[in-house]
Each structure stands twice: as structure tokens, then as C-alpha cells.
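Shared between the two complexes below is subunit A, which pairs with subunit B and subunit C, respectively.
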Partner chain A sequence: MKLVRLVKLKHKKTFERHRGENMNIAVLLKQVPDTTAKITISAGKVDESLVSKWSMSPYDEYALESGLQMKEASGGVLIAITCGPERAKKMLTDAAAVGADTLVHISDEGVKDSTHVQKLLAAAVKKFGADIVLCGKQAADTNGGSTGPGVAEILEVACVTLVSEVNYEDGKITTIRPSSMGTEKVSLNGMGVFAFDKGSSELRRPNVRGIMMAKKKVIESITSGDLGVELGISNITLDSQTPPPAKAAGQKFEGAEHVPTVVSKLRNEANVI
Partner chain B sequence: MSFTIIAETNGDSLHPTTYQLISAASNVGAKSIVICPNGEAASEASKIEGVEKVISVVGDCFDIFDGSAWSAALNSVCEGKILISASPNGREIGARIAAKRNIPIIQDIVSMSEGITVTRPIYSGKAVETLTISGDAVITLRPNAFEAAALGNEAPINIVNQSADIKIAIQEAINKASERLDVTEADIIISGGRGMGSIDNFSHLEKIADIVGAAVGASRAVVDEWGMPHRMQVGQTGKTVTPSLYIAVGISGAIQHLAGMRSSKYILAINKDPDAPIFGVADYGIVSTWEEAIPALESALSELKS
Partner chain C sequence: MRIMAYEALDFYDVDSLLSDEERMVRDMVRDWVDEEVIPNIEKACRDGVFPDEWRVALGEMGVLGAPLKGYGCPGLSYTAYGVICRELERGDSGLRSFASVQGSLAMYPIWDFGSEEQKNHYLPKMASGEWIGCFGLTEPDYGSNPGDMITKAEDKGDHYLLNGAKMWITNGTIAEIAVVWAKLDGVIRGFIVEKNDPGFSAPEMKGKHSLKASVTSELVFQDCKIPKDRMLPDVKGLRGPFSCLNNARFGISWGALGSAQACFDSAKDYALSRIQFNHPIASYQLVQNKLAWMLREITKGQLLAYHLALKKDSGTWIPEHISLAKMNNVDIALEIARVARDIHGANGILDEYPIMRHMANLESVKTYEGTHDIHNLIIGRHITGIQAFTREV
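Entry: the complex of A and B
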């Protein structure tokens, strides 16, 4: 229960210890249909078996990259955690290929909404004793953005969203987030969850050795029962998934001489200028 | 039936999305109990049709934005179904309140009907999901997807004092050089892609933006390859925008770009390639180079505005 200890110590510059001691970095990942993949609907539901390629959600890749850089700078263990079906294990192996040390797969059996997922992720963060939690600002399937703040709420710690980088300075964790004026540098006194926007760093690609090592890596498979989490029912039910409403064909003009016509249509038909 | 509405403000006045939250509630026969963080714009909120009462939550915890402190203070006066804007802060507060109350959250809905049934785009607009909500829940609404409620009311205002621990501190504010409108706030956006040739040519788009009061956006290629600031990027790994008019210049329309702008009310595409996928989502398309079309656009718009 490393986390619990750290939360209690939060007013005593918890992160000072990281200068001399390794820390555990948890990165929460989600596997989603690749953003280029076609989505097919059959019988009122997205047919996942027809998704040609599953990938790590794009913002999660930035969280993972930042976690790897943090590990390289200060030492420590990177714990990649996902909650999902069996297929999500492949993504954990991909994370191992670029440097994740511990791979944790939580079965999504019994999960009915995102609050359930957050409970499981938060319980796993505690179980594996993470000192800091990184995730993407939202996943590319639902684009919700609930995971980071929700997990932080359950852990009773701070959360900073839309961050582009996370650093240590003078024994404190600092991060950069957007503000109404531009950006601002924010510091935390204790444990925190950081939800990443697209960062400035280039994402690393796995090398052959990384890929070979990752294949041998053991994935710890756990269930809600192992974590002692009761999921229960949900107040929401999925009725259907449908293709997006078709858009009427637009009006197309050949050549710049039609610009005045289009401008007058923007004013008189569309009423937008 | 009453819904809890968490207001969003722009300084001393309400953000337009707050009016949209109230009308969404009215449309399913619910009265609105509007919570104003730090009491901002409470008297404006009390004048909106459909508002039963306004609760001003005041305290030091609103001095800076900390989702933890804000949600702790606001949660004390929330009940039932809670509506909040799907803005970055709204999503964060909403997720915290849902986790705190152990209820589900549905983010970014675009319609709500009696039942309560809601729809939201999934897979970046490649599908739409319909969900039924049978009990308490937090629901965030996509900005500009709902009509605005009208003024014409005089609802009571209660003031509640709250305190909450702020878990973060602002070390330094770094102001951006540009005073241009942010793409997520703008009603008109003009975006350029690789077809613009070089980053210098964006000055031509800025001229148009100045005439119509638009924000300037960019495709991923321009941000990644030419070093345009990421805050301007529209698309999958950039901003999702829903302006009244989106003008795409020299943007071919990769699926990741479409994901960020296809919900715009009207789309005008200017591209020299008649087969560019951007024309598939455009309401108006002009097949032309930007070198020819942009000066023509500039003079037509100047004429209109003069």
C-alpha cells in the first residue's frame, strides 16, 4: 500500500524521495480501433470483429512516452495498466516493446460504464503501488475524458488534465497545462494523475530487441474480484449504435471565379457570415 | 422534475453553453437548478427561462482551476441528473462528480429526448450511440449542439459558502504571443493544410480571419512538419471544433482531420484536387488553388462587410 503511505505524507514533500529512490510510474492505456480503421455496424451495434486494426489510443502514447522519459531520468518501474477484453493484451506487449516493465491486464467482465472502469484502474494503481499516474486526456473511441479525473477522485489525489509535459523541479512535480492566457506551469505537493494532450516529444518506436523481449514478458491478468471491487449495476443502458446521419451532398464549383457566388450563398442560404 | 446545471462563465457573464444546457433540460420537461461556481453571473442565470433557482457557490477554492477543489465544492449542492458543458473544465468536473457520487457519466452528447435518451458520436463521428439513462447521472453536452434558452425570468438566488482543499499551485503563467481567437471558441474558423505550400502563406488566411472575425486553424501535417503551434491543430490529436462555418483551405481531408471538424454547421472547402475527400463533407466546395481563390474570397468578404 505504497500509495496510501504517500498520500498521507503529501504535505511533507513526498517527491523529494525520488531524487535518491526509484519510483513507480503507472500509465493507464486503452486499446481502440485504429483511427484509420473502418467502423462497420450490423444489427444496431458496431461489429468489433470487423475492425481491421486495434491500436493504443493516440493520447495514451504521449502519456507512455512521458512515463518512459521520466523512468530514464529518475529511475523506476513503469507499470502499464489496461482494462479491457483479451485482445487488449496485445497493446500491453506493444508497450513492453518500448520499455514498460510490468504489464497489468484487468478483465472488463462486469463493466457496464466508465465509472466501473475507473474503480478497477484506481484499485490496480493501489495494488501495484504507483507513485504517479499518467494517462491520455481522452480515448479515441468515445473521446470522453473521464478516466484521469475519475481515477484521481477515487484515489483522492490531484489531477491535471491536457498536460503536455511533466517534470521534477526542486523535489516537486511540475507540469504544463493550457490556460485562457496561453499556458501555465502547475505544481503538486503530492501524488497526482496527469492526463496528456499531444506532447511535444517525438514518440519512440520499438526496436527488434525490444519486440523480442516483449514477447517473453508475462502479463499479470486480474479480475474485479482479485481487486476486491464490487461493480454492481449501472443507470445507463446502450440502446443502439448507428451510422452517422448522412449529410446532403454539397454544392461544388470549378474555379476561383465562383468565389463571389459561394460567398453570397454563405450569407443568404447558410446565413453564417 | 429538476436537473442540476453547472454554469460555465466567461469572466462576469455566462458562457453561451450555459444557455444551451438550460434549454436541453427544458426540452425534456425539466426545470433547471443552476449552480454558479464562485457566484459568477448568478443574476444573469436567474433571468433565463426554465430556471427554478440559482445557487451561488462561493469560496476561496475557486481562486484557481483545480478540478478536485471545484468538484468538491459544487458536489455538495448537486442532485439527480447533472448537466455540464463538454468543455475541458466541464469534462473534468463532471468526471470527478460522477466518481464521487458513484454514478455514471456520459460525455459529449449531441441530443437529449424524453426518457431520458441521449445520443453521442463515437469513434470520432464514424458512428452514433443511443443510450437510456434510468437514474442519476452526469451528462456533458457538446457546445453548440443545442439551442440557447431565452431570457425572461426572475428566479431566486441562494448563496452557499463552501471550502475545499486546493491540491495544486500555479507556479507561472506563460502568455501566448498571439491574441488571435482560439479555435474552440470561434464561430468561424479558417484552416490551412499542406496545400498552403509554406507556413508563411498562412498570413493570407489571417487576413480573411481578420475580416470575418475568425480563428485560424491548421491540419496535423502543418503542425507536425512546419512547426505550427499545436493549439491551432484541428483533428484527432488536436481540437474538435463545431463552428457555424469551417473553411478548409488546401486540406485534403484525412479521416483524422474530418474527426475534428465534421460537426461544423457549414463547411466550405477550397482545394485544387477535385477528388480530395474534404469535398465529401463540404456543403460548399470550390475547386481551385488557394493562390486564386483566397484573394477572390478576401475581396468578396471585404465588400460584404463594408
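Entry: the complex of A and C
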């Protein structure tokens, strides 16, 4: 049985524009190598030019879906924001095809680490007057998990992580997240950043009408300068990247006499029984 | 989390020529086929049903009647229509047949030859998938020679009376409406017959070893009475059905490549993992020769289909162009399926692999919408100026 614990978060600051209804919903998206794409390392770094397919990071898809549902329930505008290279614009068009209204691409020129990305995203959230921010709990490529909390810190608002759904009810934003006892329902009476785990809703598919509308949508391209953000220096250097170690060859056993050995291996080595 | 395992064989990067919109449509259909069709297709074939949720999904995606504009239709390019057919047929030819019949054979004639009232009444509901359509041209005794059809319509003053029978009708039993070609005073005309019209029935044909996930039916008209406003006003003669068939055949020329790609992918994966004489069979020259031949033919077929799509979109095509592409691409797809079965060895006959299903499907695809031989005769007539269909020159 799942226990539901109710938690009320005190936020540090409310958004000035929080109106409850017809909210501006910002969804922070990242384009990552598709989870099935082959990753090639050359000279100690991932060679991005060899990535065959780029996709929206899967947790971000749940954030987007939740944002679309919120927009449909209470009205409002969904602002899809990404910080990345030119190729990331395609992902914004994909977001538009399922219903994103405003598309914002922040150039990643000069971006050295995730704190830079957070600064830019937070500045864009302010610039576009968002009332609520949704994002994935971590990106499928770096798995850093810092964007949501980092953006919340800069904006001085609450951050709820690992959420599976976000709803607007009676002037409050409520969300569901796991707790040590099962799940907990957390409510905020102000602005917050919500970092999504796998959501509880099925992701919507685009359709032809959405794709044709998306084609006509203009992507607002902005730079750190446009946002008035001084990126500054970075204390972090990515020294090298290495592929995971090659999987050890499998072992083959034939004949009933090996059953005790196999069982022992499954129990003690593979830890599956 | 979405499954995105499929990476299409595209040796000459032909898909890079697609517009962004066409690529997005491709990805939408491709993802749906991966997630909903491929995991369920073998069961659908075993049960001999076309899953109704596929009808709903095709309608929701908005791909039915892809290149038609207005009346709630998608208004995409013919290139996009081709891409949709290719992605659907990678799942199964029966699925692509459903979409071909709905869009090119049932919606198209209403869109091109129907009255405003007919277009407004039927097309939006057909584009959304709410109403399924079918197309009645072929008869038990008249396949390649539809001009001699027996089905006839009589003008009874305030209604038409239809008598006759059609055969091999995809979607027939599940259709709300049928676009039926019949002779009125000796001239072929198109009529819209609705499911509940008196004197109309559409029994399903059972026992197929091919296109098992597609519904195939007879259409029977026994003093079938239909209102006067159901005749398509703007077309007479074989031009009507042949216009529809041109569009459907165009879709097939792309669709067959989807089947071929599915067979190639399976054969490649199997050859790389199947060990004989201590080495993967992919390392043997005879197998590599087969895989190289498959890639060669698929690549040529892709270029043919893409260029034909450009001609369709620019209006510079002739029916012979379509005949060549339909004939070639189905022919190579069928041969690729057979060679893929060979590479799979005995495993190739199991439904664990898509091979035998695609092969059996393609036997139908080779025959329907103009048989392989008829398309050769169409091209033969183009080359020589002499028609060789009939002795009555």
C-alpha cells in the first residue's frame, strides 16, 4: 500500500507574475544523443559529430507533457526553453508539434559548465515571465541532475525534485513525488521549479496538424548578451571521457550436472536469485 | 520511455533530401510503428484482424488521405505520403494497405470527382479515421481487365439500383462507405455506397496466407438502392478508378521499400549473431554478397521512389513512371524477403522474425494494384506504342 504524506513547502520567494490561471509555463529542455544512439569516443572526448540521432532528453519529455496538460487544464502559454548548439532548435520544433507555444533557443556559446547553463536558463525564465518552471530530473547524457535545483537557487524559489505530476488546484500547485513511506503530495502556494522523474501520464504523440503548425513557429534565438548574463570563468574542466568497460564474455554450461554451479553463480555472482 | 531502436538503411542519405516537415512526419509514424505495430503484428496476423486501435491512431496522427488538401485532410506533399507508406509497411503491408485504400482509393475519388456536398459530408470523417472507406473495382471474373466489369447501375428515376459483385476488397467488411465502380448505360461511373444501404453486403474472405492483418472482402449488390446524390458527378470511364490507382500505386512503390528494409535489417542482425563453423555467418562471402545485393537494390529503389515523389509533387509525372516504380520496388522487396529467409535458415519461417510474413504479404502486393506483368505491359506500350493487353487491336 502506498502512503501519501502531505507536505507544504514554504517557498523563499513568489513569482511576481503568479496569477494562478493562464500561467506562463516554462519547460526547460535538453537535446541529448538518443538513448539508442552509438556513442563514439575519440581523443578522450565524446565525438558529437558521430551521434546519429539527437532527441529530447526522456525526463524532459515528461516535464513537457505535464506542462501541456497544465496548459490545457488552466489555460496559459507554454514556453519551451533550451540552451544548446544550433541543432537543438529541431527539438524545439518537436516540442511545438505537440503544443509548445513559445520557442526559445539560448546559444551555448561561451558556456563552460552546468552553472553557466543554469544562469542562462534562469535569466530566460525571468525574461519570458514564467510563473512555473518544469524540467527533467537529469539529462540522459550527463545525468548531472543540477539544472532544476540550480535554476531554483538562482531564482530563489522552491524546487521539488523527482515529481511525477504537477497540477494546479484551488490557487495552489500540487505535485506528487516519492517518499521513504511511499509517495507524498507536496503543495506550493507560489512559484517553484519542478524536476520530473518518469511521469504518470503517457506521452502524447505529435500529429500532422501539430507538425504543420510547428513549421510556421518562429524560434526566438537569444544569447547570453541578450539576457544580460555574464557567464564568468569556470572552475570545472572535463578532463576526459571513457566508454564503459567491455562486457565480460558469457559463460556457457551444458548438461544437468552443471545445475548446482549455475544456481550458485546466479545466486552469488549475478545476484539475481 | 520511448523505444527508438530503429535506424533505417539509407546508404545514399536519401532522407536528407526530405523537408523538416516530412522528416517529422516520418519520425512520428516510425515511432508509432515501433511502439504499437511491431510488438502486436504477429498476434493480429494469427487472429486475422486489423486492430481497431490502429485505425484510431492513424486518424489521430492525421495521416489518412495525406496528400489531399482541404475538407479536414492533411494537405501534405506526395513525398510525405510516400514516407508514411514506407514507415507503415515496415510494420506490415496490411497496415499500409489500410492506409492506401482509405486515402488513395476511397478518399481521393470523393476529393477529386465528388460534389461539394459529398466532400463536406465524407472527407472530414474519413480523414479522422472515424469512417473507413473501401474501393470496389475488381470483380471475380475481371481483375486486370476492369473495363469489362459486369456490375451495373440503373437509373430508376429517384434512385440508382446496383447489381453485381466485387472481390478482393480491402477494408470491405469494416467500411462505412464503399466507392464502387459500375456501368450506367454502358459507361463506368463511381457511386458511394453506405454500409446500411438496402441490398448491400460485404462478407469477409477468409483463409488468406497473405495480408492476414488486413480485412479482405467481397461486396455484393442485390438490387442495392442508393439515392441519386451518391454518384460521383465529375468523372466517367476508367479514368476515375485509374486516377485512384495511380496514387495508391505510388504509395506502394514507397511502401514496398519498408518491407524490404525490415527484411534487410533482420537478415543483417541474424547474420551477425548466427555462428556456424565458429564464425558469424555474416563473415562468409556468400552471405555478404546477399546482403550487398539487398542494400544495392534497396538504395536504387529509394532513389526511384524519391525522384518519382518529386515528379508527383511537381506534376511532371506520367502513369508509366508509377508503373515502373511499383513494379520494380515490389519485385525487389519480394526477392529481398526470399533471400532474407534464406539467410535466416530454418529460423526464417518462424514468426519470431518478420521475414515470412513480409514475403507472404508481398506476394499479394505484387499482384494487387496492377499485377507485375500488367505494369510491364504498360511500359511495353510506352516503349513501342503498341498495346499488348488484348488481341482486339
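To be clear about the criterion, the second predicted complex is superposed on the first by the 230 of 273 C-alpha atoms of A that agree within 3 Å, B and C clash if a C-alpha of one lies under 4 Å from a C-alpha of the other, contacts with A are read in each partner's own complex, and residues count from 1 in each chain.
Keep in mind that, in the parts below, contacts are C-beta pairs under 8 Å (C-beta built on N, C-alpha and C of every residue); 3 or more make two chains touch, one makes a residue touch a chain.
Quantities reported herein were computed from a predicted structural model and do not represent experimental measurements.
*Asks:* Put subunit B and subunit C onto subunit A via the superposition and say whether they clash or fit.
*Replies:* Here the two partners, once superposed via subunit A, fit next to each other without clashing.
*Asks:* Determine, under the contact definition given at the top, whether A:Ser234 touches first (subunit B), second (subunit C), both, or neither.
*Replies:* A:Ser234 contacts subunit B only, not subunit C.
*Asks:* By the touch definition at the top of the document, which applies to A:Glu65: first (subunit B), second (subunit C), both, or neither?
*Replies:* Neither partner.
*Asks:* Scan A:Thr35 for contacts with subunit B and subunit C and give back first, second, both or neither.
*Replies:* So A:Thr35 meets both subunit B and subunit C here.
*Asks:* Given the overlay on chain A, how many degrees, to the nearest 10, lie between subunit B and subunit C at the CA centre of subunit A?
*Replies:* About 110 degrees between subunit B and subunit C, seen from subunit A.
*Asks:* Would you sort A:Pro243 into first (subunit B), second (subunit C), both or neither based on which partner it touches?
*Replies:* first
*Asks:* Tell me the contact category for A:Asp108 with respect to subunit B and subunit C: first, second, both or neither.
*Replies:* Neither subunit B nor subunit C is touched by A:Asp108.
*Asks:* Between subunit B and subunit C, whom does A:Asp131 touch in the aligned arrangement: first, second, both, or neither?
*Replies:* In the superposition, A:Asp131 touches no partner, neither subunit B nor subunit C.
*Asks:* Identify the partner contact of A:Lys198: answer first if only subunit B is touched, second if only subunit C is, both if each is, neither if none is.
*Replies:* Both partners, subunit B and subunit C.
*Asks:* After superposing on the shared chain, does subunit C or subunit B touch more subunit A residues?
*Replies:* B
*Asks:* Once the two complexes are aligned on their shared chain, state how close subunit B comes to subunit C by Cα atoms, in whole Å.
*Replies:* Between subunit B and subunit C, the minimum C-alpha distance equals 6 Å.
*Asks:* Across the two complexes, find the residues of subunit A that touch subunit B and also touch subunit C.
*Replies:* The answer is residues 35-36, 58, 198 of subunit A.
*Asks:* Applying the document's contact rule, which stretches of subunit B touch subunit A when the two form their complex?
*Replies:* Residues 66-68, 71, 88, 91-96, 98-100, 102-108, 117, 120-137, 167-176, 188, 212, 230-231, 233, 236-238, 240, 244-245, 255-256, 259, 265-269, 274, 279, 281-289, 292-293, 296-297, 300-301, 304.
*Asks:* Looking at the complex, which residues from subunit A come into contact with subunit B?
*Replies:* It is residues 33, 35-36, 38-39, 41, 46, 58-59, 113-115, 118, 138, 140-154, 157-162, 164, 174, 176, 178-179, 181-190, 192, 197-198, 200, 234-245, 247, 250-260, 262-263, 265-267, 270, 272-273 of subunit A that touch subunit B.
*Asks:* Can you list the subunit A residues touching subunit C in their complex?
*Replies:* By the definition above, subunit A touches subunit C via 34-36, 52-53, 55, 58, 61, 90, 93-94, 97, 198, 203, 205-209, 211-212, 214-215.
*Asks:* Note which residues of subunit C are touching subunit A in the complex, please.
*Replies:* Subunit C residues touching subunit A: 1-2, 4-5, 7, 20-21, 24-25, 28, 31-32, 60-63, 66, 74-76.
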